[in-house]
Each structure stands twice: as C-alpha cells, then as structure tokens.
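Notes follow once the structure below has been shown.
Which chain is which? They are A, B, C, D and E, in the order written, and residues in each are numbered from 1.
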Amino acid sequence: GGAAPAGNTTSGDTTSGNTTSGDTTSGDTTSGDTASGEPEVCASDEFGCAVIPAGKTVKIGMGAPLTGDYASFGVDISQGAAIAVKDAGTVEGFAFELVAQDTQGAPEGGAAVANKLATDPTVVAIAGHIFSGSTEAAMPIYEKAGIPMMSPSATNPPLTTLGSKVFNRIAFTDAVQGQFAADYLYNKLGFRKIAVLHDGGAYGQGLADVVRQEFTALGGEVVGYEAVTPGETDYTATLSALAAKNPEAVYFGGYVAEGVVLTNNMKQSGLENAVFFGCDGTFGAEFVEKTGANGQGAYAASLIPPESEAKLKFDADYLAAYGVAAGTLSPYTWSGYDAAAVLMAKVKKVAVLGADGSLYIPRGVLVAAVRATNGFTSITGDVTCSEVGECNTAGPTFYVVDNGEWVQAEK
Amino acid sequence: MMLEVENLNVHYGAIHALKGVTFHLQEGEIVALIGANGAGKSTTLNTISRLNKPTAGDIRYRGASIVETPPQDIVTKGIVQVPEGRRIFPKMSVVENLEMGAYIFSDRQRIEADIEMVFGKFPRLRERRKQLGGTLSGGEQQMLAIARGLMARPQLLLLDEPSMGLAPIIVEQIFDIIREINQQGTSILLVEQNAQMALSIADRGYVFETGKIVLEGDAGDLLEDPMVKEAYLGGG
Amino acid sequence: MEALRKKIPLTLPQNTVKIIRIIAALLLLALVIVRAIDVAAESQFGADTWLRLSVSGLIIGGMYALIAIGYTLVYGILFMINFAHGEVMMIGTFGGYFVFEAFNAIQVTAADGSQMSFLNANPVIAVFLAFLAGMTIAALSGYFLEKIAYRPLRGAPRLVPLISAIGASIFLQNAGQLLFGPQRRQYINPVVLDRGIGWHVELAGSTVVLTYTGIFSLVLSAILMVGLYVLVQRTKLGRAMRAVAQDKKTAALMGINVDQIISRTFVISGALAGAAGVMWGIHNGLFNYFVGFLPGIKAFTAAVLGGIGNIPGAMLGGMFLGIVESLGPAVLGIDFQLKDVIAFSILILVLIFRPSGILGEALSEEKV
Amino acid sequence: MKMVLEARQVSKIFGGLVAVNKVDLIVPEGSIASIIGPNGAGKTTLFNCISGFYTPEIGDVLFNGRKIQGMLTDKVAAMGIARTYQNIRLFKNMSAVENVMVGFEPHLKHGWMTAMLKTPDYQKEQKYVINEASRLLHYVGLAGLGDNLALNLPYGAQRRLEIARALANQPKLLLLDEPTAGMNPQETDEMKDFICHIRDDLGITIILIEHDMRVVMNISDQISVLDYGQKIAEGNPKEIQANPRVIEAYLGPGAAALSEKYRREKTHDA
Amino acid sequence: MNKQSLQKSAGSGLVFGIIVIFLALIGFTVVFSGLIQKVLGQSLGVGQIPSISNFFIFLGFLGIWNGWRASRQDKHETLTLAKVLMRAAVAGLSAGVLVMLYGFVVGGLDARGTDMRKYLSMLSSDSIKFFLFNQSLVLGGLIHVGFSTLMALVGGLLAFGSERSQQQVRTNRTKIQKWSQSTWLGKVQGNPYVTYVLMGIVLLLLVLLPRTWGAYWNYVMGTVGIYVLLGLGLNIIVGLSGQLVLGYVAFFAIGAYTFALTTSPEPHNLVWNFWIALAVSVVAAALSGILIGLPILRLRGDYLAIVTLGFGEIIRILLKSDILKDFTMGPRGVRNIAGPTLFGRSFTSDVDFMYLIILAVLLSIFLAKRWQESSIGRAWLAISQDETVAQATGVDTQKYKLLALSLGAAFAGLGGALFASRNQFTGPEDHALMVSINVLVLVIVGGMGSIPGVVLGAFTLKGLPEILRELESYRLLVFGALLVVMMIIRPEGLWPARRPKLEVPVGQDNEPVPLPATAGGEK
C-alpha cells in the first residue's frame, strides 16, 4: 500500500473544481509529460503503465448481469455506457471500447469477470460492477491490478469503508438515501405510521433497515416490516396483512419490478389510501408506464437531477440506438453513462503517447485521478469523489408521479 | 398364404438375434415355434409386430409386405400379439385392460359384447373385473393377456408362451381356448416351451436354435423326431 | 462400525416407526393449532383480510394447478420431469400478449361512433383469440420440444431427458430474452378486464375487491381442469395416454401410435401451460422471459405434493400450495418472506407421512 | 426333527381380498417342501409374508423358533432366509459376479472407515468375497460369465444367477418362486437336479413354488396345496396326486391325456 | 419414392430456413459475423456492424450443413451424384426462399420506417440492412436464395465425397485397430507403467499450470475444481446410491456458512483456525446429510427430488431472512472469511489457493474411488437399481442411503468451505437452486457413477461457459443448446462408468462347493 502517488496531474483539477465544464469530453487535456520513448511516469508508477499498441483500442471493462434474472439491469447499464463510449471520441487517436462481461449478478461471476478483465493488458478502467456482491468480489482483484472502478449501481454502504483505493461509485449509498427518505417521510410528508417492505436482497434490505431505524428515531412508528420474494407478480397476501395495520405509507426498498407489482396490488389489498414510497431502484420510466393510474402519487428517489440538457440528449441517443426509451429497462442507465464518461475523461487526462506510437496509461496515476474527480459534470450532475470514493455528493432527489410522469417532489 | 417370413435378420446392437429365418403360415393353421431360451422366438414375433426393425428380410401378410408398416397399423390389419411375460397394464382394471385390447375399434356395443364373450371364456376374470391388473396373480394376468388379445378380433394371433407360469389345469383350459379360437377362424402362431402340448395342438412346427430354424415339419412328425424328443419333450 | 451398527439400530421395527410417525404428526398438528389460536387471539387480521388472503391463494393456486397438470401429464407418460415446462408457459404468455397488442393497435368505430381499439370494442373476441394464440403457440412449442429434445432420448437412462430438459429450459429462456429483450412487459387488458376493478364485498367494515381478472382466472382454470379430467378419464385418447404411460411396448401392440400419443400429451400439457401463461398476463400484468421459472418450480412442487402422475392430485396440490403460500404466514404469524419455507415444510411433512403424495397410491405393499 | 420354519394361521388381506387365509406351514430342516395351487391362490403372497415383504394381519411366522413377522426384509435375509422372484429381479446393470457379491452383504464387517483405509482385514474380506462369489457362479454353472452385465445373460442363466445371489446370503432356508418358469423340459430337468444338489450339498432347506408337476412330484418331501388362500391339502407327492380335491382344483386330467386328446381329434379331422 | 425423398429434403431445408430466421431474430447473425471478423484478425468497434463478407462465411457454413444433411437421408442407401444434387438443391432452395420471404417482411417494414425493436429487440434497422447484405429488398432476397442453393450444393457434394471415402475410412480404421493391438501400441495400452507415466504427466501439469496460466484461469479452474468436489459428492448420492437429490446446494451452503461464520470477524467474531474450521464445516455438512436424510428415507425418485429441493430452498431463504439476520448477516452475506494459513503464514494468492484446491480434489477423488470400489459402492449400486430387492438380499438400505447422503454431503461441505474461503465472501445467492441443478447436470453429462466423468463434466459445465464468454449474452443460449445436443449424442455421458472385471477363475474340479462357513454368519 503506502501513500497515494504524487498527484501533480490531479491537483489542477481540484483547484478548477468550482467551474463546471459543460461538455463531457472537453475540458481536460493531456498532461505536460514529454512523449519520448516510454514515458517516465510508467517507471515510477506503482502499477506500471497500460500499453495500448497502435491500432488497438483502449478498453473500459464492465461486469454486469447480461443473462439470467437481472439481465435487464446489466444490458441497460452497458447500453448506457456504450453511448458514453461513442460520445467520448478518441484519446490521442486511440478509440475506446467497452467490454461488458456477464456476471449473472453473482459474486462468483463478479470474481471471474474481474480476473478475466484484469488479465487483459488493454483494460484500463472498470465502469462497474453492477450489484454490490459482484462488486465486492471483484474489488480485491482490481486492487491488485491497479484498475480504477466507478460503479453505477453498487450501493451497499460498507463498500467504501473497506479501504479500497480503486473503488468509487456514482450511486449514493443506502445509508444516505435511507436517511433522506425517512426524514422526508416524517418531516415533509408528515407521516407517523408507515410500513416498511423490502425485496429480501442486500440492497433492498439495507435500505429498509435504515429507513426503519431513522424513522423510529424521528419518533414515527413502523407498524409493519416484511419482505417479499423477488420475481413474483402477486403480493396481495403480504400487502393484505400489512393493510390490517393501517399504515399511512408503504416504504419499499427494492427494484422496479416488485415496486410496480406492489403499487398495482395495493388497491386490491385494502391499502388504497396508503402512499407508495420507493427508492432509486424503483425510479424510471418503467414504473409510471406499468403502474398507470395506480402509480399516481407514488414517490421514488433518484440521483438523476431533473431534466438537464445532457440527460435529454442522452435520452434521444438511447432511443435512437436501442429503440426503447431510456429508463424502461432499469433506473440506472444514466449512471452507466456517467461512470464510463468519468473514467474516459480521466484516461484522456493521464494517457501519454509514447515515441513508439503506443499509448501509455500509468495505472497508479489513473487510480488517483479517478479518486480525485472533482466537479465533473454529467447527466447525474456534479460528480465529486470523497476521499473514500463516494462520488455522488448531492444526495437523492425525490420524485413523485403526477399524471403519468415523474416530477420533482417538493423539497 | 397368410404370412410369409423370408430371410429375416434382426440385430440388437452387436447381437445377431435372427440369422435368416424363413417360414410361413397358411390361413387357418396353427403353427408352433419351439426352441431353447434365447433362440429368437420372441424376437421373431416382435419383428412381425414391428416392435423391432429387421436389418434384412421381408415379411408378407396376405401377399403384401409389412416390414415398413408401423406397429399400430399391423394391429389394424388383424395381426395381434399376446406378448411374453403377460405385460398387462398394471394400473388399469381388468375391464379397462380389455378395453385397451379393443383400442382400434370404437363401436361401444360391439366392445361390450366382446367383453362378455371373453368373460365367458375366462370366468375367473369376471370375478376380478374391477381389480387392478398389477395385483392379479401371475396366472390371472396370463388369462387377461390372452383375453385382451382376443378383444382386437385378430385374424392372426401371435401367442408368446401362453402357458408360462400357469397351473396345469389352466394350461389345459388355455390350450382348449386356443383350439377353440382357431376353430372359429383365427390363424395362430404359437411360441411355446411346452413343446408337447404345442405340437399336439399345432398343424406344423418349426424348431429354433440360436437364431436359425434347424428343423421344420408336420407337428406330428416333429413329435416323433428323436432330436425334438430329446431336447424338448423332457426325455420321455 | 459393525459394533456401532449393532449398538445404535438405525432401523427400528416397522411398527415402532409407524407409531413414532403418528405421534409426531399429532404433535405437529397440535403445535400448528395452538399457534394458530394464539395468532387468532391477537386478532391482527379481520375477516376482510382473511377473505383477501384466501382469494389470492385460490387464484394463484388455480394457475399452479394448470401448470402442474402439464408436469403430471408428461411425467405420467414418460417418467421425466419436463423442466422446460415453465418456459412453455412463458411462450404462451408472449403469445397472448402479442394478440392484445395487435388488437390494441387496431382502431375501430364503435356503435356510438367513437373511435376505440378493437380490444375494447370486442373484448370477448380479443380475450378468446389471445387464449387461442397463447395456447396454440405453447402447444406447438411443447410439440417441438418433445420432438427435438426428448424423442431422441427414448429409452435412455431416466435422468438423461431431465438434463436435456434443463438444457432446453436454459435455451428457451435466453432465446426469449434475446428475441423480445430483457425488459418486462405488461398486458394491456381490455377496460372491462382492468386489473383494478372487480366486485366489492363489504366485510368487517372494509371493502374487499374481488377482481374480475382473478375470478375470471379461477373460473377458467376450473373449467380447463374439469375438461382435462374428463378427457383423460373418459375418452379414448385419455385411455391411450394411460396405457402408454404404463407400458409403451404393449400399448403399441394394442394398436396405439405411441409417438403420436406422446406428442399429443405434450400438446395438451403445452396448451394448458399456455392458458396459464395468458391468465398470468391478464391477472398479473407484468412478465418477461423469466416469467415461467418460479411458477414452473412451484407447479412441479404442487404436482409432487398431489402425487406425481396423478391429475386430480396435481389440481389439489396446486390449489393447496397456493392457499398455503397465501394463508400460511398469516395463520402462523410468521414473516411473509418465509412463505416458501412454510410451503416446502408442509410439502416435506406431507411426503413424510404419505411418501407418494396426497393422492398418490401407497407404495408400501409393492408386489414382488 | 428340527423345524426350520413354522407358519401359524398366517393371513394376509388386500382390501377385501383374503389372499392368504389362516395357513399353517411347517417345514423340517433339510427338506424340500413344495407349495402348489391354482393361479392366484396366494402362494407368492405367502412367500412375501415369510420373507418380510408383507406383515401378515393375523398369525405368526417363526424361523428357527424366533418370530420374524414385522421384521424388515434385510433383517430377515441376515437371519438366513433367502429367496428368488417369480419375475426375475436382478441388479441389471451390475455384472453377474457383482450381483452375487451383493448377496454377501449381511455377513460383512467392513465400514466406511475400513473401506477408506483399506485395512488388511478389509482387504482379506474383499478377497474372500470375490473368491466365494466366483465359486458360487461356478457352482450354479455360470463360470466365465461373471463379468457380463446381468441383463445381457440368457434367461436361464438369469434364473441361476438369482439362485447364486440367494445362496450368497448363506441361507438356512431358500424360497424359490417358480424357478423353472419359461424353461424347456431339458433345462427344467437340469434345474430340478440342481435344486436337489443345493439341498444335498449345502444342507439348505428349500420351499418351492412350482407349476411343473414333473419337478414337484419328483423332488418334494412334502407338498402343500393352496386354493383361494386356504390350504386344501398337504402330504407327500403320492397322496397329493391322488387327492380328488387337488385334481379338481389344480391338476386336471394331466397334460399327457390332453395332448392325446388333441392328437386324436386331429386324426379324426384328417 | 423419389418424391418422398425430395419432400424430405424440402422439409429439412425449411427447418434450416427457420434456424437462419431465428438466428437473425435474436441478432446472432450480426454477433457471430462479428466474431468471425475478430477471429480473422480485424477489429470491430462498439456498435459497429461487421462487414458483409463475414456474414457470407456464416451463411456458408449453415448452407453447407443444410446440403449435407438433406442429401444423406438414409444410412443404408448408396448415393448417386444426381440424387445428391437434386436433394441439396431442393433443400437449399427451400431454405433460401423462406429466408427471402422473411427478408421481404422485415426489410419492407423497415423501409416503411417501422421500428420493430419494441417487440423484437434485436431488429434494428442496421441489422436488417445487414441481413439483406446492404442491398435492396429484392436483390438481397435473391442473394439469399442463390447463396443458400449454392452452398447446399457444395454440402451435397461434400456428403457425396465423404460417402465414397467412408468405405475406405472404415477399412482403414479396422486396420489401424488391428495394427495397434498387434504392435507395441496394444501392449502399451495394457501396461501399468504407461498409466504411471500418464499420471506423472498429469501431476506435472497440475504443479506447473497454476504458476503459468494466470489469475483468470486459476479462478476458472478453481471453480471447476470446486465443482469436481461437488460432483464427486453428488455422484455418490445420485450416481451410486440412486437417490435423486435436487437440493444438494443445502450441503454446500451449510459447509460455506459454517466456515464463514466460524472464521469471519462479523457477525460472531469467531476467528477460528482455517484447518479447524474446514474440518468442522465438513463434519457439519455430513451431519446435516444424516439429519435431512433421516425423515425422508422412505421417499423414492421424484418425491425425494422435490423434498430435497425444498430443503435447499428452505435453507437459502432462511439464510437471507430477516429472522436470522443477526446470525447469518441476511442477504448481505458474510465477508472477510479467512484464507488458508500454514504455520502462521497465510497463503492466499491465487496460485496457492489453486494448489489447495488441487490437493482437495486429488484427495477427494482418491476417497471417492475407494468407496465406490468397495463393497459399500456395490451396495449403493444395488440399491439404486432395485431398492426392494437389495433390501431383501440383506443390504441395510437405510444405513447405506444415510451413509451416501452424509458422505456426499461431506464433499459438498468441503467444496463450500473452500468456495467461501477463496472468495472471502459468501451470501445466500451463492446457494441458489441453480447450483444443485448445475451439479446434477455435470454428474449426468459426465456419466453417472463415473469419477473421470465427474471431472470431465465439471470441465464442461463450468469451463464451457467461460470459453463461450466471447459470445456475451448468447453464451447461455448456446450452452443450453449444447446440453441438449450432448445428451442426444452421448446419452450415457462423456465418460460412462464401466463395471470392473472381478471374476476369478475357479478350478475345473466339479466338486460341490461347500457353503462358505467362515464368513461369520450370526456369530
């Protein structure tokens, strides 16, 4: 381990942090190293340089569930990242390439993919992984290889407490979100009796636990705490049992699919007057599309700020490229774009063209540069990484469904 | 000529079970096939019923080749086999088993009548009409198997060891019945270990040995044949 | 080891085992009853909740039952677990979906001159055709599944077709994902069958909605089940199926076309799964290529619970499982998360006391 | 004389059907006792009651003076009762010699530990089992066929193999259920001699179910006749052959007479 | 007769047409052409459509196969050139026309600007144009017909040629066999020293490979090794004792969690020694085998399957449930699980761990072989073939079934502990139903009851999907199809079990064999 590599390349970034750069691809230029032979940075770099021979591409890796139960997340996020790669253009005449590998969302698959990607010398950064378990299994492998990660969706709080140098995430942690949500439910919406539900997964349960704890701490009462089995399409039994306790709202930690079913089932289960309050996993076009009138008044959280120019452009690109609206497959495609975009911006910054025509990317420097990201602006807004790699500082924005659309809820 | 089998060859994987078997059966005849265990008698019957596919040779029924005919159509043509080892449907009642025998017909009344007819031949089955086939005793099963074969109104009945495991008195009844069926116009190809009985009831006979026919002739002559006497009639 | 075997008799005499088993059963039953009374005394739930729970259990049970029949039919005839059966249901769900989508896109002029989609103008025809399409395409896939993946394996050891079925299941799931994309889709029902509406029952001071889609599914699955039972018990096809199930060779000697009967079995079981799939779509709405997996496993469980190979058993097992899942946690006052634990525990208990399922025949006195 | 088996008032009921009805059977050591009777008389069922497959509803089964009803079949086998089956039931995908080796199971001492460590005792035992199994195969006339899968053996060989497997149990009482079914007269004769050999060489008591009267009448010391589950006669072959009830219910006029009848008819026709 | 055979050809052609259309619908045509392009050494950017020539190569293979299949309809007939060409042409034409019609439909819709991706996610405008070779509708369709027919004819010719050379090959093969038996090759085959040398080579590879092939292959092969352990265990239960257990993952989970909970600082802070924890995990799994086995001894076949499946699910659900959260960490799983240590030195590098797994596998194979070849193995087999009769032959079936369950579970426990230790993490999702199914698949694909089969099966099942990684989201599709094909081609498994030759010659002296008296009896 030891001290972080001397970061003269990144210091300029920190100072210019307050000026927001409008374009994802401009703003950073390659550092002032003279390109003669193998650049010196390589020799001094803890992990050495990634060498991209002329004619090859600079690879951004991704570990995502492309098959199996959660394929829609992986496919969607990798599609978002693919657009980022298209937008990124080239670095010193070298093209970027996205290598998305299938983890099936499982830790085992995560480790396999990480090992595979880490052995490819032209993979310089990882926009991933998707899901915390897979990410956690992958972290030590990238750590050893000196490959920086930027996860769009791994939200398990402890990930950033493990002392990893390479791991960063755009997603905010469950702890932050849960706190905000409990506060919003209690103080803003004025609820005193809520039920908390989750999908039995690490993400949903973590979130639900925080909300329960915080809400109780604020003085509210959690009248029901249950989990549903993911993948089912009828939760009326669980909801009916909750309805017997008359909650004012149902908080749900989990993903869209179950969120939609719950929202749709609430009416038939005696919960027609309770408010559905989701999380960033239930945000997105799919929720409103599939809940229809039942969704009216439902809440969700997201790290996507209200319509920005960058988001609108992305949405258009996504629709053109894949024929479906962004956000239909999962709530995380924008994060996928951003994760890749940040990484490529940093690659551009640290890459050096060698005298032999190959591209040299000092790995240690890149790791540090990613961690030092400050004021990078993209779809999800301001990306500034803390010293442990939490790169979303803004906290969640709450949305509410109104007439079939997500609109920003009162602050 | 009712049935002509010509140069029949059958393989089970590497085993050459029939090595060029040729025989025939005239309309109205009882023909007995006898021979040691594993000589290929059952294989012959199964090949006629097309449960096995011959690797060479021809089978003609009333002049037309039936080697390419699928098993269900063989039955419709009037060739019915009562298989070795009874093979009744264990989870069907006696009556249902009989109904299965008449599967190729759909005339309910006729089927009912036929059931009564076979009950007449096998009163024991009438006693057990509701019992599941699998719980019948061995002999009862054998009766049921023959009765079921009759339900298809065969023109040519292939009987594979009908007397196996039967009480002596039943064996006699069975042979009586075979004779009766034959006299009512059904031709019969009979495979039997009980060569004495088989040859006494049959018109002609063939002796199988390891996949070949080694001896053929008039049933009476075969009964007198010293080799047959030695091997198949229990030393006298 | 020998000494150990002598000292600790692992095998108690049959009667002792029987008695222990009966005592254990009674104890368990008593435990459940005591617990249920406890829970009831706390009176967490009113009559309305119980009604809701029961209805939702019945509806899901009906669908399980339909799928379970498919398992049982195929099992009965080939002694194989058709692992890809859930995927056949998935195909049926897509079939119905596309019919609804198409009818939703076609605009017609209604009697009152207003423009409306064909789906809403003629809901009966639309629903009928959706079922027809779903059942047909599922039946066809059942047919081809058998022809391609199972028929070449006739006569192979028992577990080999199971693996082939697992392969087919993986293939079909992924084909579904690649063809139609990984996203979830939703059935657009005709307005009269909207998932939200239904009969309102006032009970214990609150309104219980019995949704039209739910009751519709329940009634339809009941009709299909009765129809199938009659088919198998009363018709020639049914008898032939049973004969083939018991002894293929002899069945052929009866003049039965064995391959054809097996094909037809797959067609029937596919059609039922297809119907369940369309029902699933109409009642639950949401689905994707993975929709068949969970119900598939559950239905398989239900089939075994009822006594595999036994059609009334599959129906009973399906209904039973649905109700246990929905009522079990409430009755016992346990987290709903553990409903599958309850369901599987009951399955295990039932099988310990009746080793061949609720309606399966007893094995104990096998004839040798 | 010592009685190996005593069955007292054994009854077995299926649903409403009394398959075996208060049957007494006493078999002295070293004898060959036959059970005959029409099909469905309950002979196999009685065997099943003796060998532990069924527990009789009423009555006792005593083996060497010990009650054995209600015991599991493996315990019965370990005590010294072995049997064969009316429909041959071998371990089809195991070789012939392995089938026999399984028969030694109740008398082996090894456990998973010794098998793992291959202790000298274990090795000795294994060697002994292989040798004895080979000798048994030789004894039943299957020498050299031992490494064939059971299902590939000819019918007659399978019957013998079943007997070899039963002998490997080292029984004191051997139950044979129609050992000559499906055999031609020559093979039947061989089997008959073989059964006598087993009794004479090995001193094993034998109970035999058989429909072939040439076998039964030749080798039985005592014959019991069942009909509709009840014992209707008992005695030595001479007595049985002469018993009118047995003739009526079971024996009939005899095959020779019948075949004579057919031949006469045929010559009439001609 | 002739008409019939042409009908058959047309049918087989139509099937091929359907296959091509299906592949186009799932986008496989584009992806596979891209793969060909990559294999041929050209690069392919993100979202780029590969060049048409690769598509021709892809179609060419399918077309040739089509022609080949259509022209060889019956093994027994002798082919003539005319017959072959007719059949191939018919098959090629029918396939081509069907594909052309498909092209007309999607191409036409695309030309009208309909975006079909809402329903058929892979049908982008680009991929449709690609399918039509970037030509007009009519021209593209005609190219399909022409190319399909042409390639089918080539396939037919190949079939004809190979038929001709078959005879040659057959005689050659017997010649080679004879030769190999008669010469040193034959002697070598039976020679024990050859086996030793081969084993030496394998051992050497096992020592060298982990050092050379890098972390990725160490990881993949480590997984294969763990699955070999699981396979060996399930092989005892399913392959030998014939109990169809679908909840094998329960034992895996018990091993993994026992190990995890006893070595992780969280939640119980029991930081036990690696080896003690390993032994405890194995014993815990074995005991759980007995515990689960006891109540279900009476169950057979599929009833047993579903009950054990239930056990597996119960354990998984409990592990992640809220009520056991404080004990098992719920869905989050247990992290910071210990790696192996020896004499106070930890050896957790991928290479070290690979050696550990190899050792475990070798030991397990050794043990499994010992048990399988002992009389225990024989008793298990007897039970699996006819439980009723096995029991009546004196086999204590209950004891042996329990023994199989607990020994099999012990292997799973070992596998689970190693798995948890290697990943330093385990969570409930590691123990889903698919694990049980995978292990069952590998046992049967390898060949029931065969230890080399288990090893081969594990390579196939866990190695194949890794090799298929290049296919991205198509890998499981292809894998599923391969499973079906494998079972059809080799239903008895890749390396079927053989029964050992045991019979020993007995002297020809026909003296009666006395009853073996020394065997103990009731003494």
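Going forward, a residue touches a chain if its C-beta (ideal position, glycine included) is under 8 Å from a C-beta of that chain, and two chains touch if they have at least 3 such contacts.
Just so we're clear, the structure is a prediction, and the values are computed from it rather than from any experiment.
Shared contact partners of chain C and chain D, listed by label: B, E. When the partners of chain A are compared with those of chain B, the chains appearing in both lists are C. With centres taken as mean CA coordinates, the chain nearest to the overall protein centre is E. Our note on geometry: chain C versus chain E, Cα centroid distance of 29 Å, whole angstroms. Centre-to-centre separation of chain A and chain C, using mean CA positions: 38 Å. Chain B and chain E have centres, each the mean of its CA atoms, that are 46 Å apart. Distance from the chain A centre to the chain D centre is 75 Å, each centre being the mean of its Cα atoms. For chain D, residues touching at least two other chains, in rising order: 14, 44, 53, 72, 74, 85-86, 89, 109-110, 112.
Residue positions of chain C touching 2 or more other chains: 5, 11, 174, 177, 181-183, 335, 337, 340, 366, 368.
Residues of chain E found to touch two or more other chains are 117, 121, 321-322, 388-389, 392, 396, 473, 476. Chain A contributes residues 67, 69, 71-72, 75-76, 200, 226-229, 231-234, 236-238, 240-241, 243-245, 256-257, 260-261, 264, 267-270, 286, 289-290, 293-294, 324, 328-329 to its touches with chain C in the complex.
Only residues 51-53, 72-74, 76-80, 82-83, 85, 89-98, 101-110, 112, 115-116, 118, 122, 126, 128-139, 143-144, 146-147, 149, 165-167, 169-170, 197, 201-204 of chain D touch chain E when the two sit together in their complex. Chain D makes touch with chain B in their complex at residues 14, 17, 36-41, 44, 86-87, 154-156, 178, 181-189, 211, 213-214, 249-256, 258-260, 262-263, 266.
Looking at the complex, you find that chain C touches chain E at residues 5, 10-11, 75, 81, 98, 101, 148-149, 152-153, 156-157, 159-164, 166-175, 177-183, 297, 300-301, 304-305, 308, 335, 337-338, 340-341, 344-345, 347-348, 351-352, 355-357, 363, 366, 368.
Residues 44-46, 48-49, 52-53, 56-57, 59-60, 174, 177, 181-184, 186, 195-196, 198, 206-209, 211, 280, 283-288, 290-291, 293-294, 325-327, 329-330, 335-337, 339-340 of chain C are the ones touching chain A in the complex.
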